[in-house]
Structures are given as C-alpha cells and as structure tokens.
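Would you mind keeping the following structure in view while I ask a few things?
Should a chain be cited, it is by its letter among A, B, C and D, assigned in written order, with residues numbered from 1 in that chain.
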Amino acid sequence: MPKVVLSSGSPSLALTRGQTEFEVEATTFRRLVLELDTKFPGLGKQVEEGMAIAIDGEIYQDAYHAELKPGSEIVLIPKIGGG
Amino acid sequence: MSSLTYAAPTSVDDAVKLLAGSAGLAKVMSGGTDLLVQMRAGRMKPELIVDVKKVPGAIGIRQEGGAWIIGASTAGAEVEAHAGLKAEYPGVVEALDLIGSTQVQGRCSLAGNLCNASPAADSVPAMYAAGAICVVVGPNGKREVPVEQIPAGPGRTNLAKGEFILEIKLPARTPRSGDAYLRFIPRTEMDIAVVGCGVNVTLDANGVCTAARVSLGAVAPTVLLVPDAAAALIGHKLDDATLAALDKAAQAACKPISDKRGTVEFRTKVAGVLARRTAAIAFDRAAGKTTAKAH
Amino acid sequence: MAKQYVSTTINGESAEYLCETQQTMLDVLRDVVGLTGAKEGCASGDCGACSILVDGRLVCSCLMLGVEAEGKSITTIEGIAEGDKLHPIQQKFLEHAALQCGFCTPGLIVAAKALLDENPNPTETEARYWLAGNLCRCTGYDKVIRAVMDAAAVMRGEAA
Amino acid sequence: MNYIDSGLKVVGTRPVRPDGVDKVTGRAMYSADTRVAGMLWAKILRSPHPHAKIVKIDTSKAKALPGVKAVVTGADFPDIPNEEAFVGEGPMNFRDLARNVMARDKALYEGHAVAAVAAITAEVAEQALALIDVTYDVLPHVIDVEAAMADNAPVLHEDMFTVGVEPKPTKPSNIAKVIKFKKGDIDAGFKDAEVIVGGRYTTQPVHQAYIEPHACLAQANADGQVTIWASSQGHFMIRAYTAKLLGMEMANIRVNPAEIGGGFGGKTLIYIEPVAVRLSQMSGKPVKIQMTREEVFRGTGPTSGAVVEVKLGAKRDGTIVAAQQVLKFQAGAFQGSPVGPGAMCGFALYDIPNIDVLGYDVVSNRPKVAAYRAPGAPITSFGVESALDELSTKLRMDPLALRQKNAAKNGTKTHYGPTHANIGFEQVLAVAAEHPHWKAPLKPGHGRGLACGFWFNIGGESTATVHVNEDGSVTIATGSPDIGGSRASMAMMVAEVLGVDVARVRATVADTASIGFTHLTGGSRVTFATGMAATQAAERVVDELKKRAAMIWEISPDAVEWKDGQAVPAGTNAGAFEPLDLAAIALRAARTGGPINAEISVNAQGAGAGFGAHICDVSVDKETGHVTIERYTAIQDVGKAIHPSYVEGQIQGGAAQGIGWALNEEYIYNDKGQMENPGFLDYRCPVASDLPMIEAVLVEVPNPRHPFGVRGVGEVPIIPPMAAIANAIRAATDVRVPDLPMSPPRVRAAIDKA
C-alpha cells in the first residue's frame, strides 16, 4: 500500500493525531483524498483545498488522475504559487 | 469648473501687474517641474499661474563686462550647452545639470530651483559659493539681491508680493579662480541631494587660497554659506591639514534632521567628506589643472 | 472658468484643442487629443514613461501644462516612425528584445531619439545617464542600452 | 511527443515578437488606454490612519455634488463569510480579499480603501472624496513584525487565533500561522558539527514597482452582464474574484485582457475591479478607475519584510550537517505571507541531513502583501546564502567549492518532502566555476560575492487553440496574459510542430469568453504549461492535416507523414503523391470536413525546478557607504530557452530588481504608521546609470516532462542578488551588512562600527 508521510512539523498533524506515517489503500490522488477523509476527517479537504502532494518525489497540484503505485511514498506539502 | 488662471505675459510690467494684482495665491512658473508636482499632490492650490518664460530677459545667457547674466528661467539643458559659461563657472552649470532627469533638464531653471526654496536644491549651494546676485523685479522696480538672501526657510522666500527673479548674475571671473559642486545621493541619478556642497576659490601664483566661499545643502532648513569652512581654506594650500580643518568646519556647521533620505549622523559625516572632495576639484580648476566633469 | 484654446503642432500636423488650465500635457495628449502612447507611470517626473519632445527638447509631458503647447511643436511616440517605416531605434528595440511588458518603451524610445539627435555617438555611460530618467522594471536596461547603441551605429551608417 | 533532440528549426532562434511593433509605436493598449463613450471616472478614498475603527461614513455631501453619479462604501458590497473558498485560481480567503478591496468595520493600514466615487470627470471625483465624512476611532497600530508578535501588541483581528500550535490558542494573536519543517535530528546534527555559524538578517518590504499603475474600465448592463477591460496576470482570476466578491455568476462577467505593464506577481489579485463594477451598476454608466503611483505604493501589496535567523553547522571539510532557520514574515493587514515557500526554498539547494525550519506568518498595519517573483525565496535565501558566506570564510574554503560540496542533486530528499529529480544545480555551479568572471582577478578595492537560488516552478491549468486559416496561415490563442514575450514563444513552439515559418503563426491572448480557463501568468508557468497546451493543440492539428491529406489522396491516414510543414506519403507503397502543405490542405478544408483547428486544455504537471548562481563584483566608497555594482553575471538552468533573448531578459530583469532590493528599495514609515516614500523619487528603483551590463548565462538541462524541455525561468533570478551583493561588500570591506537595504547610511554605519 502507498505510504503517506507528513513532515514532523506539518499543520496536518493536528488531524492525524500526531501520526507522521501511515498507509492508505489508494491508486490515485482522488482515491487518496477520499481515503484520507475517512481515516482522518477533514484531512482530505485540507489536502484538496490547500495542499499539493509529492508522489515518489514529484509534486502534483490538483491532479486527481495522478497514479499511486503500491510502494509509492506520498508527502503532503503546502500548495505552491508564484509571482 | 477649475478656478485656475494661466497667463504668459510678454513684458516685465505685465508680469508684475498680474502677480501683484492677484487676490488669491499667484505662482510664478519657469519650468514648473516643482510647481506642477506640488499642485498634483494638492500641496499647492494657486489661483493664478504666471508663466514668465516669454518675458524679455527671462531666457538666455549673455556677458556684460566679464559678468555673466543668465535669464533666470533658462532651461538647464540650454545652460549646460553654453561652453563659455561652463568654462568659467563649471560648478554652477554642473549643479544645475544635476537637477532631475534629462527630461527635467528640458524645463528646470535656476530661479525655479532657488524659489522652490528647498534646502536640498542642487544649483543653490553652487550659486551661494559663486556669489551670485539675483536681479529681482517687482512693483517697486528692479533690485539686486545676493542669492543667499532669497531663501527664508523650507518652501519660503524673502521675495515680496508681485516680485520675481528675472536674471541671475555671476561676477566676472578673476584669474586663478574655480568652482565646483558635489552632492551625495543613494543612487547615481534621480535622487534629491542627501548633502550638497559648493566651493568657489581664488588662488595666488603659488596655489595659496586668497578667497573662498563654501556652501552646504540639505544640512539645515536653508542652504548654508559656511564662513568657517572658507576661513579654513583662505591663506592655505590644499594640504592634508587644510582638508582636515575644512572637514571639521563643514561638519560643525551642520544642523541637519533625520529623515527618509539620511540620518543626522550620516549627513554630518558626509558633509565633511563632500567639502574635501569639492574643494579638491575647485582648487584643481582654479589652478587650471582640470576641465573634467566633477561627476 | 472657461477652457483654454490651444493651437499647436503635434507630430508634424497642426492641431487645436480646448483644455482645462490645470491639465498637464500628458492629460491633454491622452484624454483630449486621444494619443495614448505616452504613459502615466508616476505623474511626478520620476519615471519618464510620458516623455515627449517639445521643439525638439526632451521633457516629461506630466510636468508641462497643456496650455504651454501654444505655438510649439510636439513630438510623441506616435510621431517617431515615418509612415510605416520604423525609426532605427524602434527597429533595434525589436531586434534586441529590449522590451518585455513594453509600458516604458514609448518613453525610452522618445528619450533615446533625443539623445541620438544631440549626440550621435554616445558612450555606454552617456547613454545610461541620459536615460536615467526612464524607469524600466522588466529588462534591467541591458538590452535597452544595447539597442540604443546599435541604433546609434546604424544612424551613423556604421552598421545594418 | 518530445522534440528536445529532434533538430529544432524555430525553437532557440530569436524572431521579433508578434506584438512588438504595437509596443514600439505606442499603439499597444494598456489598462488605462481604453476609453468608451459616456465613461465616468472613479476615485477611491483611503484611510489616513494605519489602524482605526470606522464608526460612520457620511457620503451625503459627496452625493450632492453636481457631476457625481455614484458613491460606494463597504456596505454596498456583500459581506463574505470567513472561510477559505476554492474558486478557479485556488484557495483564497475571500472575506479578507473583500475587506482589502473595501474596508468594512476597520481600516487596517494607511491607504486602505474606505469609499469610492464615480463622477463625470476625475477632478469632480477628487472634489467629492473631500466631501465624504468618515468618523474614525483611531486605534494603536503596529508596523514592525516582531513588535506585532509581542504579547501586548495591538491585535488587528479579534477572530484570528494562531494556526499550527497545540493546544489551540484561546487568545487572538497577530501570528496567523506557525509552520514547521523538520528533517533528521537537528540537535544531533549540531552536536556532530565542528564549525557553527549563525546570524540574524532582516529584509524590508519591497514593491514590485511595475511601471503601469493598476487601472480598469467596467461596464455593467441592466441585464446583469458585465464587461471589464483590465490588465492583470490573469483575466480569469479577475473574473473569478470579481464574481465571488459581488455574488455574481462568472458567465455574466467578460474580462478583456489589456496589455499588461509589468506585474512580477503584484497583479495576481484584484483591488479595483469590483469597485468599478459596483459603481457602474449603481450609475448605469461605464466606470474607469486609474490608480495614482502613490495609491499603488500605499494601497497595493509589496512583498514581506522579514526577520531571518540562520544557524549552520558543518564539518571542517565543509560538509554541512545541520541547518536551522527561524522566519518571521510580515503578511500585511491580512494573513498570507509567503513564509511557506520561504521555509521550503532556503535549504532546498543543499543536501543536508538535519534541518529544522520554523516560520511565522504575522499580520501588522501595512498593506496586505502580494506575490513578488519567487515569493519568499529571496528573503530566506538572503539569510542562508549570507550565512554560507560566513561559513566559507570561517572554513577558509572557496564559497563556490563549499556550495559544490553540499549541492542538492537528483535523488536528494528535501526537508519539505519531495525528492529532487531532473535538476541542474551541479551543472550551474560547474559553469560558474569555469566562467571568466569567477576566474578574473579582482580590481583593487573591489569585492566579489557569490550566491545561489532555487524555485520550484509550477504547471497548472492552461488552454490554447490553434487555427489553420483558409490560406494556410496559422492563428493561435491562449488564455495567458503576455507579460514578457510569451506570444513569441507560443508561436515558436507551434511553428516548430507544424514545420512552418514562425512569421506565418500569429499569437493572441483571448478574453474569458473566447477560450477555456487558464490559470495566472505567474510562478513561471506560462511557457511550460500554456506552451504544453499549445504544443498539443498543434499536434492535434497535424493529425487532422494528415487525415485531410489522406482523404485527398484516398489512402489511409497511417500512410501519411507530416514533414517540414507538408503531408507526404509514408514510404513508397503508400503511393506517389505531390506533397500537400497547409495552404493546399486548407484550400480543401470544406470538402474534407470543414475548418481545421484544435483547442487543448491541460493541467500541466512536472514543472522542472530552477537553480541559479549569481556572481557580483562591487566597489564600496568607505566614506559615504555608496556601493557600485561593477560587474554582474547570472547563471541559470533554464531547461530549454524557446526564445533566448526573452529568457536572458527575464534573468537580467530579475537580477536588476534584486539589486534594487539589496541596495535602496524599502518602505519607510513614520511613527504615525504612514508611508513616507510612496513615489519613485524616494522609493529608489535602480535607474540605467546604477547598473552595469548583466551577463545572463543560459545553462540548458532539459526538463523531460515538457515537449521542448522547458523550465520556468522568471522567478529564480531575483533570489540570489541580495546575498551576492552582501557577500561582495563583505569581501570588499570585511564588514557584514545583515540588514536590507544596504543603503549608504547603513553601510557607512556598519563600516564605522567595525
């Protein structure tokens, strides 16, 4: 199963009750968001509205279709804008 | 809908009549580079603008018995282009040339810079140092006033209602004389002087200073003439001791404020630095060593 | 009070207009005459985006009253090209990519023309000081200066 | 398809941009240049107080003035609930945005809009402003970021409680958010370190200072439909935000993108459009708003000023083993400083095992910050790259070698999560090491500094259309405002795919009703993301052209190849036919199925990160503290330069803005909390005579996730200059100036102190 990793300082920790690593049954970004919400209510919404994810190192923003492999490491990070 | 009137008289009398006759605030306009900005910012609400550029004498440069007579409204760019004047009073010409951008040079004038009465005006310390005389016209006719008697305080002059400056006179040059003006700004252009310094000297055959006038800008409510700084030069060559005395005298004369352009401490120190550097150029010019631009 | 009647020459054509006394030449060009090539970046003479030529002399049109144009000859960016033939400065700005947003470009081109009319062979330093009154926030001036120097060479007949 | 190694004919050349002639002849229409018949002029009344309760606003006298057609205050706009909403451009607190556009109960900074008037002339509107009677209850204000964090500081928002701390605070605070990033074990790291350096660095808010002030023209019709003409970094953003703030349907708002006179991030949000629309709705006439330069400085967003504390621990051989940062960022009157990217970018350049970053997002009585080129990164990197210079001095190690030793490479895991892939930092440093500037002997009295920068770059949503016209020429349109030559690069990529001369491809920017949604021109995303859409649209057109040729030749489309702008039979057994070019196929478009065009929308992923290294030589007048930039070289991995001249231009312009940030630009406040330098006279942007030529060195490490290898280039170049110059000053004077701007009084004071 893909593994979700939070930076030990991430604001999401409040929702994960301090858990910095956990596995999620998901094959896409979309599924991940839904799974996160069932596992930790509010986290999915937080990710969807304010965060991007890095799948095996690569950053995805607003990309439901992005695929997760069984061994994928998913890191939740703040969304990135720019000038 | 606007209550503002504009007039461009073609004689001194008409100009004076308009200025003296106006009930509300009447402003003389030469280049307008300060006036229009102040109006736009709402700091100045004149009822009458008298554009004096069409008044005979207000524009142009001529020489009478060695003395230079500069139409007080002559644009900086025109003054800058006058080789004869520049050769004898490079300090005054370069100081005027430092005002604003090339665009502003197309409009700005000695009278405007002087009567805007900013202590940081670039051409004013140079005119102080040069011993310039202002030809003032008004309801009581013509009078000649030393330039340092014109500014009364920030934004204020000693000109009476109806008066304006028609011409600026620079005295005939004596041998072995030279002037210079330097200012300090944070950038290389487009800034208001944080400190300005004008020096005008006459040397004897041995390079000893026999006469000097030193002025400082932006270190007091008005541009300062600094007799102690001049005294530090007179009777001396420009050696290290003289420079040190000059630096000290210049710093001692400063009564600056701290503002967005500089602190009291910085302005005072830089006044000393500029006095030394400006004097060096003025001495070289008096000794005929350089004709190079000071900046 | 009533508007002022002004008779002048703009880009070689005689022109007449009515303006408020306090309207600047920039306001008049943009809002009365309808020439919007001169831009307002500051309205205080600090950015040069409104640069025009008055009897061949470079000025900020925001620092001049519309009524002062009486009897004068005004040149704006719209009058720099000859018909559909670009001025060498305009051509070199394009070739050197000396513009990004292009907002300061009209002022820079008018100012550069004034420079090269007066000094056909400026040094880089002379060009930089002459153009110091024209703020550009996009280019860092590098390509602008190269375009002006190159245009000068072309106008001197030294380059294509 | 990927074109990187396909023998490019157009990409990499330097054609004249399609919009060039309009811009050198004064014909290009910017925001303030649009005029319509019967147009009213509007002016905005702004608070003279940095912090005040708005007790009452009496507009009756203003309304009575002849020529005044409408007056609005906060009460004339919907009150938006305090929640992050998701509209088009992404998450945004629209309550804050609404209250920034027009204050409601409180004025939170000097220059905060409190009312607006539309009248027959600008002068009448000005007169009317003076007749609006606002009763303020002036409150204590706070400007400085650390003062705003203090317990006894005046609180701006009674309903703001610090997010990111446990337990949840019960007392309101000016600290909107605390963010943390941790990697490894920071204490162990510093224990392991043999050399430790640290420093406290400060930066001042600086404004993007685009030369074009904000302006717009809005026309509201009786049927509820609204048309807006405005320049911005995203006309879809204007539509989305205006709709949200006025409770309108997007379909009822059409935004026409005017040419934009610079943005640099500052035009990624709105200030005046909803006000103009409201005034137009109330007056029934078109309404124009044009900010003055003073309003731009007082009323729109600069980027944050900040305090940056940095601590680095290293081995004697230069290996950095621990890095710590505390960032205190000013957000202005509403939360949302770029402290997030600030916390990510500073250490992203280096492979460091133990990292700890703590960031604060702090409100104070200043204009709400807006994005500015690589938001947050220049601030954090000023601290980190200055501290690295201290470290190299302490280690007696070449500063470039120190960076090479610790440089992030592919596979380096960042402290905020992602793992670097396809990056070119090592290549950039290698080019720097070999560059003549780095090797040149120093002139007497000069000092040389080096600093580096990193930016993520982003992709996102873009739409592009490609039309083959009846004569075979090509017209393309995108939804990306062209802020620096993107029409040229779009046309070039499409010409490359179609195999035609770029002069036959004309690019335009389409309005919100004429093309699909396209995200902001920002984050250095346009050439990457919109370029991807344009490339794919061109590819679809090529497929269509092959189909049409196949139909004409009566063979299978698979038997047709597209070569150098022509359809040709694929091999001999496909049959022998004369090649068909675009014109020949377009001529038969009707007979073969109708017009030939394609529209592609993408949400581009895989934006390649950018790295840069800047080398700077300075001389310092020790008596006046005046710093002169003597030589400047900016080296950057640009992926692939589509139009090298505009890539160089981005780098030169970014470096110049960084130089201004370093030396003279700052917001200066008096003790009343009012800005003292709201104009180009005393807000000192670099002028032409302040700068040398800026050599831009393009390093091309292609981004494999883009058909042409593009990376964003616009953000990175503003990151290194402040530290590069500080390090150069240190080299020239042995004095470290830790506070920006390094203006003459500051530099002279630092020299006197030493």
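Operating definition for what follows: contacts are C-beta pairs under 8 Å (C-beta built on N, C-alpha and C of every residue); 3 or more make two chains touch, one makes a residue touch a chain.
These numbers come from a predicted model, not from an experiment.
*Asks:* Looking at B-C and A-D, which one has the bigger number of contacting C-beta pairs?
*Replies:* Of B-C and A-D, more C-beta pairs in contact link A-D.
*Asks:* What's the distance between the Cα centroids of chain A and chain D, rounded to whole Å?
*Replies:* That gives a centre separation of 26 Å.
*Asks:* List the centre-to-centre spacing of chain A and chain B in whole Å, with centres computed as mean CA coordinates.
*Replies:* Here the centre of chain B sits 68 Å away from the centre of chain A.
*Asks:* Rounded to a whole Å, what is the gap between the Cα centroids of chain B and chain D?
*Replies:* So the centroids are 44 Å from each other.
*Asks:* At least two partner chains per residue is the criterion; list those residues in chain A.
*Replies:* There are none in chain A.
*Asks:* Mind pulling the residue numbers of chain C that touch at least two other chains?
*Replies:* 20, 22, 43-44, 46, 129, 131-134
*Asks:* Would you mind listing the residues of chain D that make contact with two or more other chains?
*Replies:* 123, 208, 263-264, 680-681, 686-687, 689-690
*Asks:* Using the touch rule from the top of the page, what pairs of chains touch, sorted by label?
*Replies:* Touch list across chains, by label: A-D, B-C, B-D, C-D.
*Asks:* Quick one: in the complex, what on chain D touches chain A?
*Replies:* Residues of chain D touching chain A: 84, 86, 90-91, 163-164, 166, 177, 179-183, 208, 263-265, 268, 340-341, 344, 357-358, 371-375, 413, 415-421, 455-461, 522-525, 603, 605-607, 712, 714-715.
*Asks:* For chain D, which residues are in contact with chain B within the complex?
*Replies:* Interface residues on the chain D side: 121, 123-124, 623-626, 663-664, 668, 676-677, 680-682, 684, 686-687, 689-690, 743-745, 748-749.
*Asks:* What residues of chain C sit close enough to touch chain D in their complex?
*Replies:* Chain C reaches chain D through residues 20, 22, 30, 34-44, 46-47, 49, 76-78, 80-81, 86, 90, 93-97, 99-106, 109, 125, 127-129, 131-146.
*Asks:* Report the residues of chain B in contact with chain C in the complex, numbered from low to high.
*Replies:* 1-6, 8, 31-33, 36-37, 39-41, 49, 51, 75, 77, 100-107, 188-190
*Asks:* Would you tell me which residues of chain C are touching chain B in their complex?
*Replies:* Within the complex, chain C touches chain B at residues 1, 4, 20-22, 24, 43-46, 48, 51, 54, 57-60, 62-65, 67-68, 70, 111, 114-115, 129-134.
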